[in-house]
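So that you can tell them apart, the chains are marked A, B and C in the order they are listed, and the count of residues begins at 1 in each.
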Amino acid sequence: MMDITEIEEQSALDKIKKGERLDDRGLEDFRDVEVETGVAKKAEGSAEVRLGDTKVIVGVKFGMGEPFPDTPDEGMLMVNAELGPMASPNFESGPPGKDATELARVVDRGIRESEALPLKELCVEEGEKVWKVMVDIHILDYDGNLMDASALGAAKALIEAEIPEYEDGEVKREKTKEFPVNKVPVACTVVKVGDKYILDPSLIEEKIADGMVTVTWTEDELCSLQKRGNGGFTKDELLDIFEIARKKTDGLRKIIE
Amino acid sequence: MKKDKKLLKNGKRIDGRGIGDLREMEAEAGVLERADGSGYFRMGDTEAIAAVFGPRELHPKHKQKPQRGILQCRYNLAPFSVEDRKRPGPSRRAKEIGKVAEGALSSTVFLEEFPTATIDVYMEVITADAGTRCVALNAGAIALADAGIPMKGIISACAAGKIEDTPVLDLKGEEDQGGQVDLPIAMNADTGEVTLLQMDGMTNIEEMDEMLELAIKGCEKVAKKQREALMKTF
Amino acid sequence: MDEKLVEDKAKVLPGDVIAEGDYLSGQGTYKEDEKIKSKFLGVARTEKSRIRVIPLCGGYIPQEGDKVIGRISGIGPSHWWVELDSPYDGYLSISEGSDEFIDLDNTELSEVYDIGNMIYTEVIKVTKEKDVKLSMQDRICKKLSGGRIVRINPSKVPRLIGKGGSMVEMIKDKTGSRITIGQNGIVWVSGGDEDLAVGAVKTVDEKGHEKGLTEKVEKMLKESR
C-alpha cells in the first residue's frame, strides 16, 4: 500500500494548527475506546482494546518458574509484544524489532513500577518456585497509538485474570482463584505537533509528531515515562504534559475498572 | 490423558456430539481495518483471524516469478492460545502448516493474473482446541474472497479422525490428545477437489474411506458457513 | 441446455455457477465444463448472452487508458518510477513526462517531479509482464499540490463517478471543490469546502454498495451545511 503521502501529512498539520483534526476530534479527544474481555479462552485473563481502527488483544498466562537470583521470593512479570505482519501493510514477519521491544518494555515498566502486582504473594517456594505472569500483546490492526491501547489492554487483562491453583507440583488450570491487582497503571501518550498537544494520535499524526511522551499514571502516582521519537521538550512543557496525561488516564481507568 | 476416560459412549462424544457432527461454527468477513481482506472463523473453542494483503509487490525480487504471482501463508499460534504459554513466533510445526496452507489455497487463486506479485495470507490462532490449521484456513479463505482476489472457488477445511477405534468428525482438544488418527483436509466443496491432506496415526483403507467421507461432508457444511459470512458483507 | 441460474444483479461468490450452456464468459467470470462461474465476490450482470461479474472489493491492477493518481517513488537517468498503489509501479519516461521539452543538460529531473510528488497521470501501455508505461501528455494530467488525498477502494470508483459523472458533479457542485479521481482509488480534493467534499467521497466509499446512494450523499451534503 502507498505510504502516507506528503499531501496527507500537510492536511493533518494544517488541521492541528487550526485546533482541529482530520477525523473531527478535539485535540485532546481519544477516538472511541472499546474494551472487551474474555476474548482468548485459553488465557487466564484477556482483553481486546479498540481505539478507532487500532485493535490489540492482550492475553495473560500464568506459569511456574524459577525466580531471578536477586529476587528469590518474588513472582516474575514478563511482557512481550508482537507487531505481526497482519496488523499493517508495513510490518514484516520476523523477531520483534525495536518498536515492538519498546512497546513491551514501556507497558512492562508501567505494571512493574506501579507495584500493581503482589509479586511477593506469587512466591510458592523461595528460591525455587514462583509464578510467572506472562502478558502477551498481540497487535491486530495498527492505526496509531499502540502504546496507550496496549497498556490499557494489559491492565484490563490483569484485572480480569484468575490465577490457577498449584497442587501436588502441578498447575491446575481448571481450578482458579481471583488474582489481586493493587494498582491500575494507565498510559497516555501526549504528542507535540508545532505548539499544540494532541492525544491518541492516528498513524498520520504519529508521522508528523515533533515528539511524544508516554506517561503512565496509577490512581495517584506517576509510574513510568518514555520520551519517544525525535524532538525535545522543556521542563515547563513536560509538567504540562504530565498533567494532561493525568486527567486523561483518570477517565480511561474508569472504563476498565 | 487418563486411559480409563471414555471418549465415546453409546455413539455420543464427550461434548454430546454424534460421530459425524461438527462443533458449533461462527464466521465473519471484514473483521480488520488495515488489511485488504480479513476473516474470522471459530469451530467450538478453536478460533482464528486471517488477514490478506495484496496482490502487492513481492520482495526480495529474486522470489518474483515472471509468468504468475505467488501466494504466501503464515500460520501462527498466539502465545496465549494454548494451555502452557507458547514462545512467540512460528515454530517448525507452524512453518510446515504455512507451507501446506499455501498449497491448499494457491490451487484456487488465478495467480496467472498477477505476474511477479504476491498475495500474503496471515493466519493467527487466538484459541487452540484442536483443528487449528483447518479453522485458520477457513478464516484465510474468507479473507481472500473479502480482499477481492479472483478465485475458482472457496476453500473449506475440517478434520476427521479416529477415537476408540471409531472414525469421527472434527476432533476437539481432549479427543485429539486421546485419539488414534488425525486427518485434516481442505477442499473446494463445489468441485470436490481436495487441496490439503495430512494424516497422523495408524489406520486401514476401510477406515480411511469412512474418515474421508466424514471430512468431505464436514467441508460442505463449513462452506455453507463461509458463504453466509461473505454474503453478509458489502 | 442453456440455463441462467442466478438473477441479474445477484450477489455471487467465487466458484458460483451463474449460467450453463451457450453463454459468453465476460469479465470477472471463467468457464469450466460448459459452466460460467464467478471469479469474485461480486454482482452478476447479464448483457444479451454475455455474463460479467462486477467485483465488490479488490485492489487495483493497471489497465491501458486508466487515469490514475500516483506518487513519484524513484528517479532514473531519464525516467521516473511512480507508485500506483498496485503491485506494479509505473514508468514515466522523460519524453512522456511533460508536454514541454525537458533539456537534460540544464534541468534536473527532480525539478520537474521530485520524489514524493503526487501526479495525475495516464496509463498508456501495460505489457504482458505488467510493465506499466505512463504519460503526462494529456492536458488533463498534472502535478498535484495542496488539497487533500482520500483513499477509497478501487472497486468504488465507478460509484464515485456515477452515471455520466453525475455523482462527482453533484459533490463538486455542492462543495465548490475540484475533485480528481484516480482509477486506482486515490482521490484528490482541492478548494471549496474540502472537509465536506472529503466526507462525501468517504460516504461513497463506505456505502457504495447500498441502495439509494445518491440520496444518502445528497442528504449528507445538506445536513453538514
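Convention: a residue touches a chain if its C-beta (ideal position, glycine included) is under 8 Å from a C-beta of that chain, and two chains touch if they have at least 3 such contacts.
The model shown is predicted, which means the values in this text are computed figures rather than measured ones.
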(request) Please indicate which chain is farthest from subunit C, where distance is taken between mean Cα coordinates of the chains. (result) A
(request) Could you compare the number of C-beta pairs in contact for A-C with that for B-C and name the larger? (result) B-C
(message) So the centre of each chain is just the mean of its C-alpha atoms; given that, what is the distance between subunit B and subunit C in Å?
(response) 34
(message) Could you work out how far the Cα centre of subunit A sits from that of subunit C, in whole Å?
(response) 39
(message) Quick check on subunit B: which residues sit in contact with 2+ other chains?
(response) 56
(request) Quick one: which residues in subunit A touch 2 or more of the other chains? (result) 1
(message) Multi-chain contacts only, two chains or more: what residues does subunit C have there?
(response) none
(message) Going by the contact rule set out above, which residues of subunit A touch subunit B in the complex?
(response) 1, 39-43, 46, 53, 55, 57, 59-61, 63, 80, 82, 84-89, 93, 95-96, 134, 136, 138, 140-143, 173
(message) Looking at the complex, which residues from subunit A come into contact with subunit C?
(response) 1-2, 5-8, 10-11
(message) Can you tell me which positions in subunit C touch subunit A when the two form their complex?
(response) 71, 83-85, 116-118, 144-149, 151, 186, 188
(request) Please give the residue numbers of subunit C that touch subunit B in the complex, ascending. (result) 11, 13-15, 28, 30, 32, 37, 39-41, 55-59, 61, 87-89, 128-130, 155, 209
(request) Over in the complex, which subunit B residues touch subunit C? Could you list them? (result) 36-37, 54-58, 66, 69, 108, 110, 113-118, 145-154, 188, 190-191, 227, 230-231, 233-234
